[in-house]
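Here's the structure we're looking at; comments come further down.
As written, the chains take the letters A, B, C and D, and residue 1 is the first residue of each chain.
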Amino acid sequence: MAGTKFAYVRNFELPDPLLPDTYLVCRLDGHSFHRFSDEHGFAKPNDERALQLMDHAAKSVMIEFKDIMLAFGESDEFSFLFRKSTNLYNRRQSKILTTLTSYFTSCYVLYWSQYFPDTPLRYPPSFDGRIVVYPTERAIRDYFAWRQADTHINNLYNTTFWALIQKGGQTATEAHTTLKGTVSATKHEMLFSRFGINYNEISQRFKKGSVIVREIVAPESSDKGEKLEPPFDPFHQQCSKAKKNKLETTVEVLHCDIIGEEFWLPRRHLLEN
Amino acid sequence: MAGTKFAYVRNFELPDPLLPDTYLVCRLDGHSFHRFSDEHGFAKPNDERALQLMDHAAKSVMIEFKDIMLAFGESDEFSFLFRKSTNLYNRRQSKILTTLTSYFTSCYVLYWSQYFPDTPLRYPPSFDGRIVVYPTERAIRDYFAWRQADTHINNLYNTTFWALIQKGGQTATEAHTTLKGTVSATKHEMLFSRFGINYNEISQRFKKGSVIVREIVAPESSDKGEKLEPPFDPFHQQCSKAKKNKLETTVEVLHCDIIGEEFWLPRRHLLEN
Amino acid sequence: MAGTKFAYVRNFELPDPLLPDTYLVCRLDGHSFHRFSDEHGFAKPNDERALQLMDHAAKSVMIEFKDIMLAFGESDEFSFLFRKSTNLYNRRQSKILTTLTSYFTSCYVLYWSQYFPDTPLRYPPSFDGRIVVYPTERAIRDYFAWRQADTHINNLYNTTFWALIQKGGQTATEAHTTLKGTVSATKHEMLFSRFGINYNEISQRFKKGSVIVREIVAPESSDKGEKLEPPFDPFHQQCSKAKKNKLETTVEVLHCDIIGEEFWLPRRHLLEN
Amino acid sequence: MAGTKFAYVRNFELPDPLLPDTYLVCRLDGHSFHRFSDEHGFAKPNDERALQLMDHAAKSVMIEFKDIMLAFGESDEFSFLFRKSTNLYNRRQSKILTTLTSYFTSCYVLYWSQYFPDTPLRYPPSFDGRIVVYPTERAIRDYFAWRQADTHINNLYNTTFWALIQKGGQTATEAHTTLKGTVSATKHEMLFSRFGINYNEISQRFKKGSVIVREIVAPESSDKGEKLEPPFDPFHQQCSKAKKNKLETTVEVLHCDIIGEEFWLPRRHLLEN
């Protein structure tokens, strides 16, 4: 940018670094996706194609940004976890946040036709995003547990709600009334006794959401996959040779429980540096 | 989002309001567009189609976000000016910044094929963004003057640089050497005497960039166009009737000077509330 | 600070610059001064000595910090206005805020015995502070009007409240009940008819608060007083000679209206650069 | 504050919460204390009285703010560590920072005459302050190690420097030249061979600085001392009964090593919630 007499306006650009050595979670949400899903004929309560498109975009983000260790998605939202030691764009908040949001959006539009070959986009879909800083492993574990618990609660409600409408002939208002105040067991029972739906047999994708995880590839198969930088060491930041010891990684899409210990125990690398 | 025992993690989401009653400028920049333009065969020094696509995306943004009064674009960047009194998303920084960046990106990908019908996207293009807060009219005038002066300087350089290569047979390194230390007049002369190019006759779009302005429609033609809210008055924020007196506006794309007074004098509404 | 292996912890110190070219208002408030005034026998509703001590501390602050143009105080609070162009401590928020708060506190304790020669401090008084950024003259005018209107409302209430107790023999609870819902005129009438107090004759200091203003000294008397730097010019920041043209200023304590135009019209230098 | 038409100016006061569940370190530094120590005749290289006054002020701060677990001071600076779970003033940065800075300053001035009975304050001393957020135990350990290593390095230098001047008859410039490039062992040797000073016998206060620590009082002696709130539990924030189980604490001034493990091992409560 040129050194004109006007260039002093750059002085108004203030720094926005994120606190070092903390986990960063970037969460994206579809903007007005209630309307968007209606306009584009999404199946209810879950549209498999739309969810696969979200996963595709999120996986692309993780392949592009190597410091993202884990992502979790449900419905029209996705959360991305950066490792504590990431120094992406010198941890500048706006830069990280917009680049990631923009890339995800770009993927969503570009890959749309792979999942909706007969449904052209009627208008540009968009997403908003935010970065939340978490200082502890406990908080990260609880963050992802929060999102997955939310997925379960929403999906059980929505599955029953749409069964009442699609199979029970109720209006939306009637269905909400039917469900008001019901606990989880009542909804399970309602699904089974009235509509023959065994909730436990519903797709894991719908019940658990999408877990996209960066896995470390065993050394012997090290000739392909993504590279992961070794742990950050505050005392040896200059050590450029360390960069050559990157571990190979791949990015996998799962639909499993991430609230309990089983997911986390064999994957210490997700939370350690 | 569900009220589970994990929901306390929301406490880590900190507020990020922007200072009230200040101009907001959101500037987007193409991410690694040097490579992107190479991979997609952009004409040098300027690709008319690529610039029109940028304008299309920017104009769409202004139609979507009514509080944007002016935008200026050149090359792979665009700056958007929100009026001082905007209360979009309660002036939450991340929300404004990401929604706008995402929507622009979405338009860019969605409308790509209209401008590059024979060039499919080889990978997802993306943009980064930032919001800068400006407290005064003077700073806003100087901000846009800064960007347009930059456009001029870059375009004159690039036009001569590519003439030396495309018509003069120089390599990139040779062309940079030829241009090193030359002033503006020397480049004009070089273009004219060696390549028969009269810089003054080059497209205004390339020399001035793109100015997208929200114009007020005269009352008699008030049955179409966008609506502009009346000036913000801190003492009468509650006055809901005022909202009904919105002025009609349209969004126009120009390629004119915005450094001098002529652009601004008849358009007081751009900087006043 | 030494370059030990531990020095990396400085990376956690994040920058906190305040937006350039905006007015800064630093407001200090006494911490638990209700108790403090009781413990040190302050006269009610206003203690002349305590207010003079506050003025002394505030005036000292303005003599120390040349970029403060105006201060307004009432009760246990004081607001300080920095000129828009101040570059004190490179506009680092914490540095400006703490240095000013600390200096004010230090003056308050150091000069205490001048105003309370027979009342030793029983414990250390303290103040909290905050900086608020204002982008416009209008907001600054309204800020100081807000504080002075508050002074008037509080003082009329407190004057009547304490007359009811001290002269009317009411308890605090009874006095609050008597005053509940009364408008200004009723309180004036109550003071006059029941206690023979003409509110208009009460000290200006109590009714208007303390206005400490930096006045420009006419050139002929330029051999004393404080120096004011000339207006900030974004295009000539490097011009070191300009610094020699400082205007001489003095700091005056007034008890006058600052809501109307009369105060501000002859003092354009307070709000201009 | 009154609800006048001007009260909208409060909208410019933006929130400034500090990230939850992180350690807060507030560091105060004397403002222009080089001059202050000269003007008030401080002994060189260390003035016992001045250091005791600093300790007195810091200890008072810790008695006032129960969530401060540890403080470390040297020369004219003091660092205070708040426990991770502190919710003091809802973790509002300016409020915590200014209240602490003001209280420390107030103590310094108020207790001055106890340590300098024959030296009246010639002008008001002041301190600046900042809060730094640290996410991990490691960073806190390293922060305090950094400050104590700094104390050691500075004190060895200053002790030798002043010996060269006071006993060796050198000027300040000569002394700096003599010390230029010398390592630690050389300074020890210089002190001993030229001035008969065994550095190891110098006061621990000078070599180690002041460590003020909140110690937990054993239950049987629980009838005096400060109270410490029990660990913060994110899932039981509402549990008001917990507040009654406060542990008793006292505040002790030590001059010991805090870089090694011996200090920290028996004091897990300093870093745990």
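In this text, a contact is a pair of C-beta atoms (placed from the backbone, for glycine too) under 8 Å apart; a residue touches a chain by one contact, two chains touch by 3 or more.
Nothing here was measured: the structure is a model prediction, and the numbers come from that model.
Least step count on the touch graph, subunit A to subunit C: 1. Taking C-D and B-C together, the pair of chains sharing more C-beta contacts is C-D.
With every chain reduced to the mean of its CA atoms, the largest distance from subunit B is reached by D.
As a whole-number value, the distance joining the C-alpha centres of subunit B and subunit D reads 50 Å. Rounded to whole angstrom, the centroid-to-centroid distance between subunit B and subunit C, based on C-alpha atoms, equals 43 Å. With each centre defined as the average position of its C-alpha atoms, the distance from subunit C to subunit D rounds to 30 Å. Of all residues in subunit A, those touching 2 or more other chains are 8, 12, 19, 21, 133, 139, 142, 234, listed in ascending order. On the subunit A side of its complex with subunit B, the touching residues are 1-2, 4, 6-9, 12-13, 28, 31, 60, 94-95, 97-99, 101-103, 105-110, 121, 124-134, 139, 142-143, 145-146, 149-150, 153-154.
Residues 19, 21-22, 133, 135-136, 139, 142, 234 of subunit D are the ones touching subunit A in the complex. Residues 5, 8, 11-12, 14-15, 17, 19-21, 234-235, 237 of subunit D are the ones touching subunit B in the complex.
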